[in-house]
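One chain, subunit A, appears in both complexes that follow, with subunit B as partner in the first and subunit C in the second.
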Partner chain A sequence: MDQQTTGPAQSEIVDRTRAYVRENFLYMRPDWKLGDEDPLLGSGVIDSIGVIELVEFLQDAFQLAIAEEEITERNLGTLGAIGRFVYQKCHANGSGGSLRPRQVA
Partner chain B sequence: MPCERLGREPTTAPGRLSEAPATDGEPGRLRSFRREDIPEVVALRQQVFQFSERERTERLVAYLERIFYDHPWTQDDLPSLVYEDERGRVSGFLGVIPRPLLFQGAPIRAAVATQLMVAPESRGLVGRRLFRAFLTGPQDLSLSDTANEPARLLWESVGGSVSVTHSLSWTRALRPCRHYASRASSGGAVRRLAWLTARPLLVVADALATRLGGSLVQHAPPGSTEPLDAAVMAATLPRLLGPRALRPVYEDGSLAWLLDQAADKRQFGELRQRLVRGPGGEVTGWFLYYREGGGVGQVLQVAARRSGQALVLRHLFYDAWRGGLAAVAGRVEPAWAAELGAQRCWFERTGPWMLIHSRRTEIMHAIVCGAAFVSRLEGEWWLSF
Partner chain C sequence: MCGLAGVARARPQGVSAELLERMATAIRHRGPDGFGLHADDRIGLAHVRLSVIDVAGGAQPMANEDGDVRVIYNGEIYNYLELRHELQLRGHVFRTRSDTEVLVHGYEQWGEGLLERLNGQFAFALHDRRTASLFLARDRFGILPLYYAERGGDLYFASEIKALFASGAVEQALDPEGLDEVFTFWAARPPRTPFRGIRALEPGTWARWRDGVLSIRRYYALDLTAAAAAPADALETLDELLRSGVRLRMRSDVPVGGYLSGGLDSSIACALAAQLSPYDLRTFSVTFDDPQLDESMFQQAVASELGSRHAVQRIGGGEIARVFPDVVRHAETPLLRTAPAPLYLLSRLTREQGIKVVLSGEGSDEVFLGYDLFKETLVRLFCLRQPDSRRRPRLFDRLYGYLPPQTRKGDFWRRFFLDAGSPDDPLFSHLPRFRLTTRIRDFYSDRFRAGLGAFDALGELRQSLPTGFMGWSPLGRAAYLEIVTLLSPYLLAAQGDRMAMAHGVEARVPFLDHRLVEFAVGLPDRSRLCGLREKAILRRWAEGTLPRAITGRPKQPYRAPDVPAFFGGPEPEYVGELLDPASVRRTGIFNPDAVAGLVRRCRAGLATGVGENQALVAILSTQLWHREFLDAPARARAAASSGTRQAAAGASIAA
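Showing the complex of A and B:
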């Protein structure tokens, strides 16, 4: 099946990530405004350990492998950046090497 | 003994540090620490950490200068690292201290990481960038032995490992009533008050227990102890350790400086260094530990030929008991675990983690499986910022 037709929409990625961030990092601050281009890092939303958890979430939720050099502010700095980055990875043509095989267990 | 994950590669080498601005689109840049950064790093430390053994700024400045610039192991390609934010401010730091070691008789280089700190407004990826840059450096072995939980998670996330055995601590109670009551008293003002009130009674109970005999009595062990200095340690260590795969180099004259710095650590009291001789006068080993009042002595290093471990521990416990301590504690070294257990020490997993990394699996194996002599004097534990 063509990956381009099966991957999540960018808006879905952003929405699911926003829900994850709200539930895991902002549960004590429900009034925190979290727009698509508001910074997640250095603003008190996600710290260094939070980044590790966020990467694990993205890998599990969207079944992809994120390489060390991809863990950057450009890719993870905002919900919008995450949406663009994950969308690109999920819909990349070619070998599909960035997609993580689903675990069978 | 089960071994932890060994020799995992950091997933990507970031390239060596450049003095040029970052070109990968990331804000700020990593660069080598410079002497003129010290005041900014001290200010950052005072912002990030609550505790310091050196309350006055000028004392902390002088200490950083001494530890990072005046140590005997300078290596230009193993610098400490700073993160400079987009406005040019130092808002991240990772201290690095090179240490020469011998592995299977050949010299190798270790780098000890210490004092990871990131300004609150830069938290997110900076700690990770600092650790990644450090772990992909030219050293054969990377170490950090007072790591907290966030540092452990970060270290592991960029390919480092944890030596779980070295992250255990051991304790030997010498005056059990006082010691256990003291432990139980931690955790609230009421419990502390109860402990202070009961303390005279506990002293009597310990004295009574000692008179009654049994395992609580501290008899003078055979042999003797005497003051120990750096020259004797450096000359004797190779003979004591024998074919141990990995060990520090003390013969380069650096040990006297190192012991001076260790003695400067006041958190646990005064540093006591004793050489242990067996009944025939032969050198069996030594112990170095901090002692203060009637509390818990903290062991910096014990060394012995394998057959002498029991005697060295007995002398340590006797010396600490005579010094009025309630207990002695230390970090578990795999090669000592069996003897510590035999001498009624108990083990627990509290306190800092020992983090390790090497691209050479055999070095990792030596550390984790007890073929290495890596005491608190080889990591960062002896430091006192």
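Showing the complex of A and C:
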């Protein structure tokens, strides 16, 4: 359960990221079941160029900065990992996170 | 080079001159200098000629003295003078100076054994009246094409598939398995083609057709067993073979020019040509407005060093899209890259400048281990030996230096290679590429996917590997796979022969002189790929001959813009038409919704990855290919008939 109200809930991060991934990386595979802990790389959903797009989306959608050394499988390897990572960043230093981040096409 | 076409009948019902003219007209671009045919009750042979050797006397079909052996031939036999001398010593009397006649007498003398004596690039059909058979053969590496189709006991054959269709007897239908191979390997693997019932004669094989039965035999097989140590005189041998290979390929009665990419291989070929040419060497290059793709600085450096008269084909915003439908028509296959298009334009420029023979650097990267794929193979093996190492995978960040830096580092980049497959898999070296390419399959329609059934392109490739394959080094195995899946069926064909011959230009490839190939692949791996330094021995040879900027330069693969070629500026009308959901649905190969998603991302400038670039070019070229060859067979036949009337005026019939 999310404790803070100044940033997005972890579930919201996961859901919005899932929607983004589906629209941009799985548009050709609409039947693909993308679970929270399914690997994004190993399954071929996202490649090394796709991850750059994904980072841009996360930075834009959740108003945060992701450093190069943070672009790891541990942080971005699954939707669940992204949820945990982004949630932690949004809530750790109070520098980022918005309940109503702007829409990203 | 030239074009050939013909028919062999199972029963003596004759072959009409009109049929042969129709087939020949479809490939007239391959031989604009001459046209001839021969027909009897069982055999019809047609030939379009590009006059290069014995311009006056080399007309085809060409027969021996009594007409028992008659040949139509596309290519060059570079050691024809030596073979001619040998045959004369054995009593054969020559009537022309052409290399074609060497095939006639050589076949009389040695039969099929002739092929092992040939140094060249060739495809030919030879009617042997003594055995009532037709003999077809193709060079060792598939530099030149030869297709055939069996219909009702008859055999139709030609340099290009469009000539088979022009016969009116060969069905125009797609082969789902052939297409699936295109979307796995970049090209269908011979003998398969993307067309149902049409086969490519495999490189290094011959076929004999007799009484309606076709038998195929291999006469040349690659052995990639590398030596443990390099011979002490390796550099001297390399020098001798390079010079001999180029010297033989300068044999021509017309000036020989050179394609200059700015890389090591074409620079070596052009440097040797400049030394050997009796004319001022002409060189030709493609330049790109996109600085990430452009190599003009290096091309100019070499041209200046060699003192060649240099001409460039500039590729800016719209050139590729403008010619892409013609490129697909000539390639006769869906394409995954637009890279053939600039070469199509380059051959046009070359021909306009009065040159119809050029040397090119193809083949060197495969035998001297030039591609990053070979380094990638070594790094993957190195990492998998210590899977827990955090340091070793950082070596991946040193590969593919020509890609944008932000895309070729980090966990995601490294994981792509590390997860691709096990070293026990015979296809280990190529699994990352195949995995990337087969993402195109995600766009298949349900119907097309169902039609493929259990077809397994990779499984078939594994089954086809030669005995002893797993005994070769990992790099030997990788080189073999590169030659059979990419070099022969794609680089030499769709990107090589077809683009050059679209404008009647013959491309000669000195690095595929079989003596040089056999020497190179027999060298120890480290003589060629030393650490992560590719083509080591070739660089050593070139030092002192070429500018340091070329010999010290890392491999830069030839690339052309893909998605930006169609969406980077004004969108050509045909792109919207062919990628429209209704059009995609009509063709039936791809899922219209998936294609719509891709097009949306292309138009938004978001499709920047290799996978989506390949998918877009694959889908668009498939739509063009389908429209050209499968949507309107009646229209194609009508066009061929119309062309026949023009060609008939220049025809000479030797019946």
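The working rule: the second predicted complex is superposed on the first by the 88 of 105 C-alpha atoms of A that agree within 3 Å, B and C clash if a C-alpha of one lies under 4 Å from a C-alpha of the other, contacts with A are read in each partner's own complex, and residues count from 1 in each chain.
By our rule, contacts are C-beta pairs under 8 Å (C-beta built on N, C-alpha and C of every residue); 3 or more make two chains touch, one makes a residue touch a chain.
A quick note: this is a predicted structure, and the numbers were derived from the prediction, not measured.
Following the overlay on subunit A, a clash is recorded for the pair subunit B and subunit C.
Applying the stated contact rule after C-alpha superposition, one finds that A:47 touches each of subunit B and subunit C.
Within the superposed three-chain model, A:36 lies out of touch with both subunit B and subunit C [touch as defined at top]. By the document's definition of touching, of the two partners only subunit C reaches A:24; subunit B does not.
With both complexes placed on chain A, subunit A has more residues touched by C than by the other of subunit B and subunit C.
In the superposed model, A:67 lies in contact with subunit B only, and not with subunit C. Among the candidate segments 237-245, 327-335 or 363-371, the part of subunit B whose C-alpha atoms clash with subunit C in the superposed model is 327-335.
Within subunit A, the residues touched by subunit B in the first complex and by subunit C in the second are 41-42, 44, 46-52, 68, 71-74, 76. Within the complex formed with subunit A, the subunit B residues making contact are 10-12, 14, 24-27, 118, 120-128, 132, 150, 153-154, 157-159. Partner subunit A is touched in their complex by these residues of subunit C: 406-413, 415-416, 419, 435-436, 439, 442-443, 591, 593-594, 597-598, 600-601, 604, 606, 608-611, 615.
Interface of subunit A with subunit C (complex): residues 24, 27-30, 41-42, 44, 46-53, 68, 71-74, 76-77, 105. By the touch criterion given at the top, residues 40-42, 44, 46-52, 67-69, 71-74, 76 of subunit A touch subunit B in their complex.
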